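Chain naming follows the written order as A, B and C, and within any one chain the residues start at number 1.
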Amino acid sequence: MIMLVILLPILTGILIPLIPFKKRKHMEIFLESLVIVNSLFVWYLMFHHTESIFTLANFTGNLSISFKMDGMSMIFGGLVSALWPLATLYAFEYMTKEEHEKVFFLFYTMTYGVALGISMAANLLTMYFFYELLTLVTVPLVMHTLTREAILASRKYLYYSLGGAAFAFIGLIFVIIYGNTTNFVYGGVLDLEKIGGRTNVLLLVYVIAFMGFGVKAAVCPFNSWLPAAGVAPTPVTALLHAVAVVKSGAFAIIRLTYYSFGTEFLKGTWAQNVVMAVVMFTIVYGCSRALKETHFKRRLAYSTVSNLSYILFGVTIMTPAGLVGAFSHLVFHALMKIASFFCAGAVMYQTDRQYVHELDGMGYKMPCVFGIFTLSSLALMGVPGLPGFISKWNLALAAVESGNSLAYWGIACLLLSALLTAIYMLTVVVRAFFPDKEFDRSLLDGIKDPGWKMLVPLFLFSIAIVAFGLHSVNLVKFFDSVAMGMK
Amino acid sequence: MQYMILSVFFPVLAGVYLLIKKERGNRKYLLVSTGAFLVITAILVVLALCLGREGMFTLFSLTERLPILFKIDEISVVFSVLAVLIFLCAGFFSFEYMKQEKWEKKYYGFYLIILGVLLALCFAGNLITFYLFFELLTLSSFPLVLHERSKEAVMSGLKYLFYSLCGAYMALFGLYFVERYGNTLTFSAGGVISDQAVSNHMGVLLLVAFLMIMGFSVKAGMFPMHAWLPSAHPVAPAPASAVLSAVIVKAGVLAIVRVVYFVFGASFLRGSWVQTVWLTLSLFTVFMGSLLAYREPVLKKRLAYSTVSQISYILFGLAVMEREAFTGSMLHVLAHGLIKAALFLCAGAIIFKTGKTRVEELRGIGKEMPVLMICYTFVSLGLIGIPPTGGFISKWYLAKGALTSAIPVFYWLGPVILLVSALLTAGYLLPVTIQGFFPGEDYDYGALQKKEPSFFMIFPVLILTILSVVIGLLPEGVIGYLSQIIEKIV
Amino acid sequence: MDFVQNFPFFSIILSMFSGIISSVLPKRAAKWVNTVMIILVGIFSFILLFYMIGRGNSYTYMMGHFPAPWGNEIRVGVLEAGMALFFCIIMILSLFGGRKKLDEELEESKHSLYYILADLMLSSLLALVYTNDLFTAYVFVEINTIAACGLIMIRRNGRTIEAAVRYMIMSLLGSGMLLMGICMLYDLTGHLLMSNIHEQVSALAVSGEYHVPLLVTIALMSVGLAIKSALFPFHAWLPDAYGYSTVSSAAILSSLVSKGYIFLLIKIIYRVIGIDVFDGSRIIDMLFAFGLMGMIFGSLSAIKENDVRRMIAYSSVAQIGYIYMGIGMGTQAGMEASVFHILTHAATKSLLFIAAIGLTDVSGGSRKFIDLTGAAYRNRWAGVAFAVGSLSMVGVPLFSGFISKLLFAQAAVQNHVKMLPALIVLGISTVLNAIYFMKTVIRIYTPVEGTGSGEGVTFKNMKIYVVTLVCFIILNVFLGVSSQPVVNLIGQGLAMFS
């Protein structure tokens, strides 16, 4: 069953260019229904999963490609499978303006399977495998427009990602050598006897691997690929570079920290302080870059940089509570950021406007889009009653409870970043809804909200944002049980 | 109980309704509905205060430990009554004043939302609810600052937003620690911090308390985070300035009351470095605000600086943490609210009628609009603190409280600065009256026209003036009412 | 004695003999003789491999039943048989893949000569693999050099002659050093047969006599072979030689010739000097350091290169660096990784060379990157093959490169001192590999305006080419997916060495 949900999208993707669809509509229906079916399978799996590990193939020795559905898989897989059908729907409308759609949907759909593969990987090697695969299937998506800029961006993306993986690989090796097993076991698999007096080397390796996986999670100084990759069509930027790809980096770090090295080994060491400091710096750095950026999508991309490090901050606290914070931001940020990206995409699609200073007065012409954008901005800022607040709350409480004095500074970073978030998001909102007194409205003639395929996902996201903001108790309880290692 | 919730949600929903309603150009309908909404809200508040006093009401929970909770105590009553009164007056004033402005519908929409949010702040039963509505207050009030859409307005709107959010986040930082070290987040007189935490984490907690006080006092315009206030308040339309200056800054005061007396507890902070720094800053702000107001030529800006100074009177009183000083602060909340609203409305009426904004242009204004200027004079005297107006009583209690307290240096320095500032207040408010009524010999009486504003404008000003005087004359009721709660918290 | 045990001898003789008769045969016949011969040798080696696996230990085969010191010995283990098989596979695939090009680039009269050289090359390689006699090894090293020079310069243009001369000089320098090493060993021990020398060297090492001469010997032989296999910084001859010769030659040279020398070195380390003595010398650290430097600088040069063939050639420098790094770790695991990487690199590099030629052919023969834009759309098979080769070199799971990387890294962890430099350089070099290979892949997959897809390049007229590419890809994936049996074999083979 696990194999099915991973392979189905990959096969579907491959089928798309092979089937001669008579009309575009047929392809849409075919694709959307398969994606939905796959998501339903995932959700079915989430409620009927077994504890057993499914092994596909053995590499060398004790290394194997195997899958398992545990709590973390449910979080990431559930998130991905909930977002994908909607993003696909959005892409149908968005891609009408772009060329070679089929190639696009080929890779777009394959990515779904690969992302699920990451989420359900049962050991480090399998995750690494899908992690590399994710890079490869998403590069064509970044390259899609084939402009010079896009090609440079995709190269950068590729170099950074493969390079990051190369260093993460070192971590993999050490877990193979010094661990009892490479399977993910909550609490870590390192064999302390084998390590003996070489703790410092292992800590160094942890830092290296953290930074390696951190490349995908856009940890400073390895973040510059993410804003550059914003040249991709918006469904890609929104779903992959705000959710699937970058979150898989964070996901991998969680696996590495909590399920391979184990927090007991890492907590209170210099390694923890190093990674935490890096993450804190990234939080602030990403925000301040977003502030300076005038390109709409790139601004959001920098915001992603900063927000991803929120997740990692939760991870580096290295307590179950921190993990809960990380999980909640992982899920909530996905919702908020995908909504805001989709808004930016809708603006680009309808008007070809890409820069923030071109957005004056658009709020009147596209009330739905900018209304939802405002909502997601507020959520990102962390206004109480919206999900951003909940995740920030969980993160900060975890930091306070950990008693780590560096983590206290982390709270300060979070709040500083929230302030900067307010600035860079709300200036957009202000422009859209409160244009200058002398603003000439006739410039905006003919602009209107996009069609239903774009609006439906947007509305569903905003409903989800509000719903989670008001009632997240059960979800957080679930996170709690996962973070305590019970699921 | 249900009135409590209704009085919060009704204005918010009404405001949202106004915002999303299609613009039809039917001004009368808009005014009637806004007026009706305001009056209904006022009635709901009165009902809530009279009938729904007991118990707490949990709306829903953000997380397991974070309920959104409402309850009413004496402090809520004082602030909510003030808010409703001033919103009513300024609202009716707007009906006339906003004729000249664009985007009226938006204005009334946000106006109503702010009222709802303010009431929610007054009724908030725990820190998280308070924080929630505190943020919402910033977000919903900043469109009013932006209203004019001039470059200056947008810039100061953003300035307002960022200062306020900055303060809010400082407070949020503290909130995390309070959640950790407190027994509960629910406001309870005398503080909620557990004794164990107090003994083990004194340093952190003091720092946190300081941050929260500083954060919330951004909204109250205390030095060094006051710079937004003089630029944001004057650019809004006059009635909006009135509510901003008279009520919304009080949200900061309310926040500090809640944090100091209901979360940390006066006994925890008394005598600590936090109190010393706070006293210093508030006194400095009192003096600095007056001085800046004194030097400011534009009337509305002058009034804004005056707000900076006057709010810090209140903060000083809170910082002293003595019974009498606290009473003084509460009285000054009321007095300043009424007076400053009246002053801004006066300034608005002058602008509306003559278009004059600078003080030196106002020569002979008293001859043109005598009723208005008489009101202005009365409330000015009140703000200076000349008996028997409201300002006198409140300052009297403030000074008395400071003198009876045992805080070294400040017990005499405070009253001295208050006095100096009162002189400055006279210096910046009274010239308008003097020049207005006695324009001097070279004044061209031939050009004089009667420009008395209409009933809609004069009436709210009159009401506010009368109320401010009444408070001064009959303060015992308020003091007696407040004494029970003061008993508990100080 | 089983009949199978004669196979190594047969293989060598067969290949040599076919070279000799090819000289009198016409072009087509020479081609067929060559093909049949390689296939036959491959089958021999295959059978031999299974025989050896069944047998479980190595055997020595005396030519003409004369015992040493008069006779000449062959020694066979699992590793030798496997290597021979692998060489045959790569050789035949390389020849097939480059055949079309060969027909174009070579003068009519040179064709049969080419196959003669190829036959000789194979025979020398087989001899290097199987021989148990140092002097025989030296002889075949020289034959190998001559054949290689011929292969380089058979395509006549100025660059190839220059390249061949360069290769010749460097190579002779290397063989000279090797010869000096062999002489000194003979001096020290009085033997030429590997097993005999080994005994003596162990004795010398224990007694501590002739410590310095022994060290010098080891150094001479290692450096000699290192020069011949283009270890950084002795790689100056390589880019031209690989870059300008005809494609089959480039593929054979990069994946077989240098690998033959490395194999010989490994053999010398195990069989002549003894792994313990070798570990104890400083030479191993030198090889390790050179290997690391090669990994970095080879890749850096490749990044700077604007010519796709030369870029691939520089990448060989880096890959050879990997192999020497593995040897330099001085552990069993490191050696296994090196041997595995010999296979990986051979399979991948020849794939890349042959794919590259397909790409340049459809780009007007130009090898500049700018002209390669969109080449993958003009020749789809070559495009896919190049992408696969690149991914393998970068070390993406599923392909053979990943397994080598995994093995190297695992081996590195066991050596506490060399672990960190090895791992970090491994990481950096992966990044560098990614940079130049992925740059190329993106380049060839960037469509240009106004070019139709695949004009003139259809499956029909490239049947052999495509089949070759597919075989290479399968080989690569096979090594990447089911590597465990191969690794086991290597381990078994190395165990048989001692």
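The rule is short, and it goes like this: a contact is a pair of C-beta atoms (placed from the backbone, for glycine too) under 8 Å apart; a residue touches a chain by one contact, two chains touch by 3 or more.
No experiment lies behind these values; they were computed from the predicted model shown.
When every chain is reduced to the mean of its CA atoms, the largest separation from chain B belongs to C.
Central chain assignment: A. Criterion: smallest distance from chain C-alpha mean to the mean of all protein C-alpha atoms. In terms of their C-alpha centroids, the spacing between chain A and chain C amounts to 44 Å.
A separation of 84 Å divides the Cα centre of chain B from that of chain C. The multi-chain contact residues of chain A, meaning those touching 2 or more other chains, do not exist; every residue touches at most one other chain.
Along chain B, no residue makes contact with two or more other chains. Of all residues in chain C, none touches 2 or more other chains.
Across the complex, chain A meets chain C through its residues 57-61, 63, 125, 128-129, 132-133, 136, 139-140, 143, 146, 151, 154-155, 158-159, 162-163, 165-167, 169-170, 173-174, 176-177, 198, 201, 204-205, 208, 212. Looking at the complex, you find that chain B touches chain A at residues 60-64, 66, 68, 128, 131-132, 135-136, 139, 143, 146, 148-151, 154, 157-158, 161-162, 165-166, 169-170, 172-173, 176-177, 179-180. Put simply, chain A touches chain B in their complex at residues 378, 381, 383-385, 389-390, 393-394, 396-397, 399-401, 411-412, 415-416, 418-419, 422-423, 426-427, 430, 434-437, 469-473, 476-477.
Within the complex formed with chain A, the chain C residues making contact are 391, 394-398, 403, 405-407, 409-410, 412-414, 416, 419-420, 423-424, 426-428, 430-431, 434-435, 438-439, 442, 445-447, 481, 483-484, 487.
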